[in-house]
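Across the two complexes that follow, chain A remains constant while its partner is chain B and subsequently chain C.
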Partner chain A sequence: MFADELKTLRRLGFRHILLQILNFASVLASGLTIWKGLGLITNSESPIVVVLSGSMEPAFYRGDLLFLTNPANEKYHTGDITVYKVPGADIPIVHRVLETHDGAKIARGRSIVASSNSQDQLLLTKGDNNYIDDIELYQGLEWLQRRHIIGKVRGFLPYVGYVTIAMNDFPQLKYALLGGLGLLALIQRE
Partner chain B sequence: MSSRQKKSKHASNGVRPAIDGVDSTPTSSISGLLLAAADSVIDRDSNGVKVNNANVTELKNACDDALKRFLSRPELFNQIYTHTDVRLALGWLSVFVAGATGLYGWKVEFEKSKPVVWAGVILYVVLTTVQTLYAYFIERDTVYVGKRKTFDKRIVTERITIASSTAPPPSLSSSPSPAPPSAIPSPSTTYPPPPTNCPQYTLTISFLRSTSGGKSLLGKGKAKVQAGYNAFFDEKGAMDVQRFERWVGECVGSVMDGKTE
Partner chain C sequence: MHTIYSRINNTSALLSTCLMCLVGAIAVSSYFMTTDPRGTIGVASIQVFPGNARRYVNKQQDFAFLHFNVSADLTPLFNWNTKQLFLYVSAEYTNPQGIRNDVVIWDKIVRRKEDANITITSRNKYTFRELSSTFR
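Moving on to the complex of A and B:
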């Protein structure tokens, strides 16, 4: 089936093979760099996430794609939808902010005042579709701190996330897609 | 040129052609070598080149590959791989930078990794920009750069640069030179003009002849030739490599002969 292409490859030589592999590798490299760059610009370690559960219905359903940003100097307000990751848990959770409190700070006169630094905020969250708030998910913490927050939801795309869910549930699909892309890049000329 | 009858491969030193005794400067030997190489029956390792002849990009790529293979024959030129090597080096470097940045960002926690990831992303963008600028301004259409050294009282170096592109079908009044062979093989030696509604494979050939390590210039020349793709590909997409090589040989030979000292 690939006899013609193999013959062509052998005829064109070693540098050509390196060039074809480079085509494929640079597609992956540019995708990775765009992802990392996006993470830096949005100040979020994972600026695009997929909703896995139904705890935010009817706002978000399983399979929705969410776009996050995490502005470091802005305070979060009640009603913002945040994605957070509790230390000790693998999976980030997307829920709505129920309460916010400014963290405590020791002022110069040794009195306790509210900190105006947004990184000292404390948050309590709850899923729209849940009956109770998230205290039980916090693994012992009473409040979430800003450093646990991955970002705030700015926009979403429905259904698109099912592709990622399918690839996670069926890893063969991921390898098949990658293999197919690689084959295509190696065989085609630019 | 037309007196050449031999079909055997020439010796690979290209100094004195055994047959053409009229002009013994290195310039005539290169045309002779080119035509001899095109006429020689070399057993090709493949059954022939076959492309989709509705896809102009594939046609151009097939012609470019045939050109590179033809001119890189041992008795003709040695290919200079500078452009390819620059592209490979920059490309693979940017891939490794991106990979290292990704790996670092994966291993180290987000906030701490930020300075290094910034550096990596900016370095990747710089490398990609340099690659693009190089390809656009310096490499442009070049498909082949070759060098040839002959010894004739002194070491003469000939350097040839070939750029190729596809031109739209010409109007009836233009006449490309030299006249390319028609697609229908005809027993007569005259070439009837080709059909004109076909994209044209355009070659820009420039060469430089110098000696004593490039310090004194002996001659240089430049020419632009074109031929319709239908002269080399039949209706099934099979390429007539020998016809193509003969055409290339004629064009390159006439450029190198046309402007001598």
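Moving on to the complex of A and C:
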């Protein structure tokens, strides 16, 4: 089945194989550059996220793709939809800001004091489809601070995130896709 | 355009370009559909009671109970591109330590134009508590 391909490869020589590998590596590198560049422009560690739970229905359903930005000097207001990650939890959560307290920070001993930096905020969030706020999800924190927030939702694409969910639930799909793409890149002759 | 592969390639490139343009046009169109509906909101009563904080049972905390009424006609906000209206009543105040607070005390999701005439008399849906345990 691959006799023709092998003959062509042997004719073109070792250099050709190296060139193919270089092409492959440059495709991977440019993909990574685009992702990290997007993260730099939006000032967020993960500017595109997929909604995993139904806690923001009817605004966002499971499988929606969200685009986030995190402008450094902008404050968050009530009603903003933010994605945050609590230290100790490995999945980010997308919920709406319920309360903001500007100019407050948490001092040692968990007491709340006025902060000299006017950018400090304490936030409380709640999912639209939940009855109560997110205190249970904060893993011991009482308020969220700016540094826990990955970004604010600016736009969304419905259903596109199902690909990521499928790849997470069936890892064989991920390996099959990667293997197929690798094979395609290697046996392409241009 | 002589192999299936190149045909699929061309067609999918054209499809994705057109989709991107369509999505961009939809996003831009939302800037041309601006309306400014107004409504009235009145506060009926505010009461402050002491109680225990939710998490630490021995910590004193002040809770505020607010009764208010809202009436507004929000039907102009529903255009072809509106998915839902998220309405909320929030209380903004500055406490004696200089911390500016903005607390949402009631919210509602409106999904259809027929439900967009709002006349509500209600109390705060979420516990209205102060950061530093007392409103004084």
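Rule of thumb we're sticking to: the second predicted complex is superposed on the first by the 173 of 190 C-alpha atoms of A that agree within 3 Å, B and C clash if a C-alpha of one lies under 4 Å from a C-alpha of the other, contacts with A are read in each partner's own complex, and residues count from 1 in each chain.
The definition used in the following text is that a residue touches a chain if its C-beta (ideal position, glycine included) is under 8 Å from a C-beta of that chain, and two chains touch if they have at least 3 such contacts.
What you see is a predicted model; the values in this text were computed from it and never measured.
Visitor: So, A:Lys7: does it touch chain B (first), chain C (second), both, or neither?
Guide: Touch partner of A:Lys7: chain B, not chain C.
Visitor: Where does A:Leu22 make contact in the superposed view: on chain B (first), on chain C (second), on both, or on neither?
Guide: After superposing on A, A:Leu22 lies in contact with chain B but is clear of chain C.
Visitor: Name the contact category of A:Gly88: first (chain B only), second (chain C only), both, or neither.
Guide: neither
Visitor: Thinking of the overlay built on chain A, is A:Gly155 touched by chain B (first), by chain C (second), by both, or by neither?
Guide: second
Visitor: Touch check for A:Thr33: first (chain B), second (chain C), both, or neither?
Guide: first
Visitor: Considering only the touch criterion stated at the top, classify A:Asp102 as touching first (chain B), second (chain C), both, or neither.
Guide: second
Visitor: Does chain B (first) or chain C (second) touch A:Ala114, or do both, or does neither?
Guide: In the superposition, A:Ala114 contacts chain C only.
Visitor: Examine A:Pro171 and indicate which partner it touches, taking first as chain B and second as chain C; both and neither are also allowed.
Guide: In the superposition, A:Pro171 touches no partner, neither chain B nor chain C.
Visitor: Go through chain A and flag every residue that touches chain B in one model and chain C in the other.
Guide: In chain A, nothing is touched by chain B and also by chain C.
Visitor: What part of chain C is in contact with chain A in the complex they form?
Guide: Answer in residue numbers: 27, 54-55, 83-84, 86, 88, 90, 97-104, 109, 111, 126, 131-132.
Visitor: Give the list of chain B residues in touch with chain A in this complex.
Guide: Listed in rising order, the residues of chain B that touch chain A are 45-46, 50, 57-58, 61, 65, 69, 81, 84-85, 87-88, 91-92, 94-95, 97-99, 101-102, 105, 110-111, 114, 117-118, 120-121, 124-125, 128.
Visitor: Mind pulling up the chain A residues that touch chain B in the complex?
Guide: 4, 7-8, 10-12, 15, 18-19, 22, 25-26, 28-30, 32-33, 36-37, 39-40, 45, 147, 189
Visitor: What residues on chain A touch chain C, complex-wise?
Guide: Of all residues in chain A, those touching chain C are 58-59, 77-79, 96, 98-104, 112-114, 122, 126, 128, 133, 135, 142, 155.
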